[in-house]
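Below are structures written as structure tokens.
In the two assemblies presented below, chain A is common to both, partnered first by chain B and then by chain C.
Showing the complex of A and B:
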């Protein structure tokens, strides 16, 4: 009986015949590596682009969003643990949806983008790749919402079909990754650089958990890294934590913590820093970095006004705003 | 003599009963386990059965 090594993510699981990797869905069947959830998503929803969150990529567009079971991280605070911390056979229901079915359904619903999201789409890599390739052929976009814990080689290949990605940096601290997420930081940073090199539009999210990763010095370090490696125009989202899964002992992130993090990141030179999971916060809108004009007003995931010019410039000072607007 | 034969017959009957009981248990388990597995398997739906606009609280 031959074991196989999964080279998709830094875990490098050695999977015995009939066994599964750490993600629960990548299995060894007869000496071949297979993802059991290929063509079997467990969640399908149409969301606004802002929910991913992507604020500088086709604002307001509806996105056909899918996920299968499984994840290669095991975050104690996972908000989608019922999906991510299960194998495909443990789900109550799955949809039969091969890539052509997904693309057809998305088109019928008027969506120009597919999002691979909710759990970590890294683990259903082949399904993303095939669906993404087909979506591109049909003139659609592909959005990848991920924690970025993937090896560079498969990521570089996947980037050929990706247009935008929101990548979670859980904390700018390897110890946090090991304790809270069951991963490590460096592969995530390497992945972000790879995406930038491959021309994928990137936005970064950091969920702030009280007392665990809300240290301002660490936030400053992270913001500087994003500025230097990804560019000052890279949107950064600070999200509010809600007690979930195995981390119910901590309170939701206080508003002032989010405000301080936002200020710290802006002081570090990032031009577009947002506050997420807080309804009606001014940090949910986009402002011109040169003259402060309100460019896109948002209430939660909904756009209240869009003052950008057709070619993505500030209507007052003509500053070009980084993003993919049309 | 009569009593010994009766005792032997009784033992054989008891052994047969035990064997049949064991066979029955294995048979019932053999029937129930696949049923349980089938019940645990996720329900497969077609995309036509999906409500894409249903409210949900999944992050991302």
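Showing the complex of A and C:
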């Protein structure tokens, strides 16, 4: 029997013939590892860029978003568990969409970006890479929405085709990762640094779960790490938790917890801190860090006003706002 | 001391039988769960191989060779808890 060792993520699954990796979709068939969901997404939607969330990357642009089954984390609060915690053979709905089909469909729908999202696109790496390469050749962008639990070598190669990424730091606590997500923290931080080194536009998300990761001291520590390692202009999104999957015993995040987290991160020196999953919150809009001018107003995922200049500056003080605007 | 003489009745036996069956079900459930946990805790998962092959044959899934892997070394295999029987 010829087992194989997967080198894609820090799990380093040793997979016997006929078995799958922990992600459920990388399968050892005949002594070779197979990417069974290559070109076979189970979710395809057109979303606004703000849904990823990416607030400083082509605001308002429609994004052709795809995902296949499988994930290499197993978050107790997963919001897409019907997709992420299943193998390809368990899915009722599968689309035939090889990379050329994907790029063609995205263009026909008027999208200038592809997003690899919903589950964790790390596990369908080859599909992302090939689609991304093709999308670049067609003048499109690639957006990667991930928890960042990947080894540095494959990530560095993947970065060649990525333009922007939203990376979810689940908590700035390794114990939390082990208990709630089935992973570890350090590879995620290493991945973020790798993306920064490779020039990928990064935004960070942190879902605040009441009593589990809403400690202000931990949030401060995380914000300082983001400021020091990724830069003070890195957008940070604090998202509201909703009870899901195996974590229905906790209430949604109170608004004041999100406000405190936002204030803490801004006090730590981050210039763009947002509140997500709360309709109409002032923390959903972008303000100039120098004079407080409203730059981009948002209501949920929708842009209500955009006052940025064409070259991404504050119209009042001419401050250059970090981001990829055009 | 006065003691009540109690004769077992058919409904008592049925009740005891029900308790035994429930107990057995719980033991089997826990045993299966523990065995599966032992198998999947070593970095790989069992999957419905027949269903997978069927979906590959029909074109619903793919057999594309993945990147980023190598044949497992002896040491890695020993640490992974063996192979699928």
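Here is the rule we use: the second predicted complex is superposed on the first by the 326 of 326 C-alpha atoms of A that agree within 3 Å, B and C clash if a C-alpha of one lies under 4 Å from a C-alpha of the other, contacts with A are read in each partner's own complex, and residues count from 1 in each chain.
Here, a residue touches a chain if its C-beta (ideal position, glycine included) is under 8 Å from a C-beta of that chain, and two chains touch if they have at least 3 such contacts.
Quick caveat: nothing in here was measured; it's all calculated off a predicted structure.
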Field: Clash-or-fit label for the pair chain B, chain C on chain A
entry: fit
Message: Per the contact definition in the header, classify A:24: touching chain B only (first), chain C only (second), both, or neither.
response: second
- line: In the superposed arrangement the C-alpha centres of chain B and chain C open, at the centre of chain A, an angle in degrees to the nearest 10 of 30
Task: Pick one for A:16: touches chain B only (first), chain C only (second), both, or neither.
output: second
- request: Identify the partner contact of A:125: answer first if only chain B is touched, second if only chain C is, both if each is, neither if none is.
  value: second
Query: Regarding the shared-chain residue A:87, is it in contact with chain B (first), chain C (second), both, or neither?
result: second
Message: Applying the document's definition of touch, where does A:33 land relative to chain B and chain C: first, second, both, or neither?
response: second
Task: Identify the partner contact of A:96: answer first if only chain B is touched, second if only chain C is, both if each is, neither if none is.
output: both
Task: Please work out whether A:64 is in contact with chain B alone, chain C alone, both, or neither, and reply first, second, both or neither.
output: first
Field: Greater residue coverage of chain A in the superposed arrangement, chain B or chain C
entry: C
- prompt: What is the contact status of A:4 with respect to chain B (first) and chain C (second): first, second, both, or neither?
  reply: second
Query: Once the shared chain is lined up, is A:46 touching chain B (first), chain C (second), both, or neither of them?
result: first
Task: Check the superposed model and tell me the shortest C-alpha distance between chain B and chain C, rounded to whole Å.
output: 6
- prompt: Common interface residues of chain A with chain B and chain C?
  reply: 40, 88-90, 94, 96
Message: Quick check: in the complex, which residue numbers of chain C touch chain A?
response: 40, 42-49, 51-52, 54-56, 59-73, 76-77, 79-80, 82-84
Statement: Residue positions on chain A within touch of chain B in the complex are 40, 42-46, 51-52, 64-65, 67, 79-80, 83, 88-97, 101-102, 105, 109, 117-118, 145, 166
Task: Would you pull the chain B residues touching chain A in the complex into a rising list?
output: 40-47, 49-50, 52-54, 56, 58-60
- prompt: Can you list the chain A residues touching chain C in their complex?
  reply: 1-8, 11-22, 24, 26-27, 29, 31-40, 87-90, 94, 96, 125-126, 151, 153-154
